[in-house]
Amino acid sequence: MLKTQELTLNLGPHHPSTHGVFRCVLNLEGEYITKAVNHLGYLHRGIEKLAESRTYTQFIPYNGRLDYVAGMLNEWAYVMAVEKLMGITEEIPERAEYIRVIVGELQRIASHGIYFASMALDVAGASAWFYGFRDRDEVLDLLEMVSGQRLMHNYMRFGGVAADLPDGFMNKLDKLLNKLPAAIEEYEGILLGNEIFRARTVGVAPVSREMALDYGFTGPNLRASGVDTDLRRDEPYSVYDRFKFNVPVRQNGDTFDRVIVRIEEMKESIKIIRQAMEGIPEGPVMAKVPKVIKPPVGEVYSRLENAKGHLGFHIVSDGSTKPYRLRIYSPCFVNIGIFPEMAKGLHLMDAVVALASLDIVLGEIDR
Amino acid sequence: MYGQGLIKGLSITLKHFFERKITQQYPEERPVLPDRFKGSLTLKVPKCIACGLCANSCPNNCIKIESEKDENNKKRLTGYKVMLERCLFCGFCVEACPTKALLWTKDFELTKYFREDVNLDLFSSYVPSPDDEKPAKPAKEDEESAQAS
Amino acid sequence: MDKIVDREALVGELNQKFGNCAEVFEDNTNQSIKVKPEKLVEVMQELRDNPKYDFKVLMNLNSVDYPENFTVVYHLNSLTHLHKLTVKVELDKVNPQVPSITSVWNAANVQEREAYDLMGILFTGHPNLKRILLVDDFVGHPLRKDWKMQA
Amino acid sequence: MQISNTIATGLKDWLMGMGFSATTTEMIATAVWTLAVILFILLNLIVLVWLERKFSAFFQQRRGPNRLGPAGFLQFPVDIVKVLGKEDIIPAAADKPVFRIASITLFITAILAWAVIPLGEGMILEDLNIGIFYFIAIGSTATISLLMGGFASNNKYSLLGGMRTVAQMISYEIPMVFSLLGVIMMVGSLRLSDIVKAQEHMWFIIPQGIAFIIYFIATVAETNRGPFDLAEGEQELVAGYFTEYSGIRYAIWMIAEYGNLVAVSTIASIMFLGGWNAPFGLTFIPPFLWLLIKIYFMIFLFMWVKWTYPRIRIDHLMHFGWKFLIPVSLANILVTGVGIYIYRMITG
């Protein structure tokens, strides 16, 4: 008697394409997925609990360890939340805000660059992978110039940034910005325009608008599903209301759209940095803030448009030097919640690509 | 036309095939590090006033300072240890230092054969250099008392 | 600055519809309401589906261990009206139980599991209430204030 | 050709002179040839492993291995030492006998195929009159080795990889054979040396250009190289059918794969690129070297394609094979047949 049997496959925790230590138990019918169950927490470090035993300032470097490919934006999100809690948002010097925008958008380009690269690797385009990393590294060179480190910057401070931009930074930035459009064109040439890649991604794992909102998608993933929203434009924080930029929106919400939205966003980031370079004023980079940070009793929920979605910080303060409760709303953690639903009926090869297209970073999922 | 993207991809890789390569040949070619680079730590011992701000600012408590009062009732440093294996390289200690005694170096090759060697003892490994302001040698009895404690 | 919902009117309407279930909660953010746990799912459904509020997005689901109670905090956002609302549910310190809102937003699924895992709040009616970040045989809920850190 | 023939006849004369009988002489000469062929394959491997690394690096703006020896050429012996030093792990639940012989059977097929491949005029172990047929027959048995490897590992990834291989290789065998059929029809012989002789004035890539492209695509799939490396599929299947192999057994898989790569490149050079015939009258380069240049040109093409394209999905692969390549190759045969008929009518 012949009979068929479902195959249970452990995708992870150490698997080439789970982008870290993430495990997904798949039930396979042939090579088509009938059921997927996420198992998280292999990288759980208890950062929310750690925050309760660190002072507000001491917690800044830990944010770089969340989404370790976009550390600058994480720090910014945290610093912005505490500034709101302290009520010093208005006092931050303009130059500091401009610097934040410049380094933040650079970080976004770096993060999307690594997204493109890992996406390319997951469809086995090894050369495209190297091109993505090549350009990301040049962005990191600039961030290293500013903060002294490539990934865990610790550059943002309450009321400003740690130091002014170093000499020669603007020249190098200008050179890089002149180079980047050609690089993005190259991405389109080698991967995005490639017929094999299109066949692999167009129409694969579509997420409808309703589903995206229901599952709490944010950021580029939501925009790929046809929801026109961007915190930088809708609720402008910092000095984003002074810049002109488009918000790329795609309608189908499939894997291809999720890639294209990010590539378009890289172009928009270049535009924003150009405008910030022109408009940056002279002046101090730090507001006058007390040495010991003691926010008043209360709570705040503040969000920032991270490279992966809305990074939210809910901070409850009891008036002491340490947060009473600090909650990190991480976009990747919520985005990955859709994966079991998304993977149903997909081919194993497509599931890997769909997972990559969600742009997960395990440091932020497990915290 | 179908197949255009395929040919475009081939032309891009072929272009890079003959291009100059960008890999840095690391041990021979040293990386150019920016001034703010956070490598290892160094302490200019004569400048240190043992105030302990660096230790307080450290998120992971990886700086241990030993000090004692001298005859003028001034604090004097007798030991300075950094547990580099726990260090976040955040730089709060360097920022906190009021006398600019604690500084980053550009030394990034911190690999060691044994775990204990990772940690730094900045006090005893200090080598006086001519550009420091006259190094005050710790008195003999101080060393003895430090060893005793 | 965030757009503020007229909380008095909102609470009035909710109370009228579901019977005394909500009240304005005073804190520094000026956008919080407090809801009784029994009526939470209905209130959330109303907040989501009523075009007047149109809170299509569950921004954040948090749980706080206050000395006197556990509080589950829901941050809601509307894409059309661009306003925000914080819904708070105060729970018993001994046996914290709150109905799950997974039926309203699927986004709550993983976040409720996380709150259960780290804070020990039971979400009744959750389809799969298991530990998500910690190992399955972990004892205790680390984010509670009485949980002692072990180095 | 002349040189090798001289060596061969010289060797035979010398052995006869030593007083061996004719049969013994023939046997010894054959053994020497076999060794020479194996040596040739292994030498190619050394170059290929190095070339693949260098080429992939160049395509990606890297330098590739450059520490040991000139341009990193001595990296290979070091790697061999490393591979030999690795522990040979066989999973406890594996089907051990099958697991052990799987990689070796693939290696044997890779070697056997070389029996009929000429490396120059007369430089051939056995000039079979059904040479190309023999090559295809031997080449298609590689499928079973890969399935053996995937099945015996008792690993789910390996099993999936093995099953993919069977589907893929059986599908792409057909267009490959059909594409060669056009050339065979034009020559009227299956003997490889005849095919080369027929190309003295015109390479078959000119009348059979479409067949060449089909052959190229099909052999990329046959040798499991990117973008058709579904059997390995390292992004979803870790390493496919050889996930569980380690040490020297793993090395044998790689050696066999490169052996197959050289074999199909050689066949492509012989069938379409004129074999050892020199183009444009450039006869100062010896014929053997010409063949080698053509083989390595083919290998460059293989590597270029591999390091440029993303991997194709399995259902697209099947669609492409059955719905596009096979009809086109059949049409090519039809056109070739009609062309030959018309040609004969004109020339009488």
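The letters A, B, C and D name the chains in turn, as written, and every chain counts its residues from 1.
Assume contacts are C-beta pairs under 8 Å (C-beta built on N, C-alpha and C of every residue); 3 or more make two chains touch, one makes a residue touch a chain.
Keep in mind that what you see is a predicted model, and the values were worked out from it rather than measured.
When chain centres are set by their Cα atoms, the one at the greatest distance from chain B is D. Taking the mean of each chain's C-alpha atoms as its centre, the chain lying closest to the overall protein C-alpha centroid is A. Computed centre separation for the pair chain A/chain C is 25 angstrom, with centres defined by C-alpha atoms.
Our note on geometry: chain C versus chain D, Cα centroid distance of 64 Å, whole angstroms. Once the centre of each chain is set as its mean CA position, chain B and chain C turn out to be 45 Å apart. Centres computed as Cα averages put chain A at a distance of 29 Å from chain B. Multi-chain contact residues of chain A (touching two or more other chains) are listed as 127, 134, 190-191, 194, 196-197.
In chain B, the residues touching two or more other chains are 6, 9, 12-13, 16, 22. Across the assembly, chain D contributes 59-62, 307-309 as residues in contact with two or more other chains. Which chains touch which is summed up as A-B, A-C, A-D, B-D. Those residues of chain A that touch chain C in the complex are listed here as 40-41, 44, 46, 48-49, 53, 213-216, 227, 229, 234-235, 296-301, 303, 310, 312, 314, 316, 324-325, 327, 329, 333-334, 336-338, 341, 366-367.
Note for the complex: chain A touches chain B at residues 54, 57-62, 127, 134, 144-149, 152, 154, 162-163, 166, 186, 189-191, 193-198. Listing the residues of chain B that touch chain D in their complex gives 6, 9-10, 12-14, 16-19, 21-23, 25.
On the chain A side of its complex with chain D, the touching residues are 7, 9, 15-17, 31, 120-128, 130-131, 134, 190-191, 194, 196-197, 199-200, 347-352. The touching residues of chain C, counted against chain A in their complex, run 2, 27-29, 56-60, 62, 64-65, 73, 75, 79, 82, 86, 105-111, 114, 118, 131-135, 142-143, 149.
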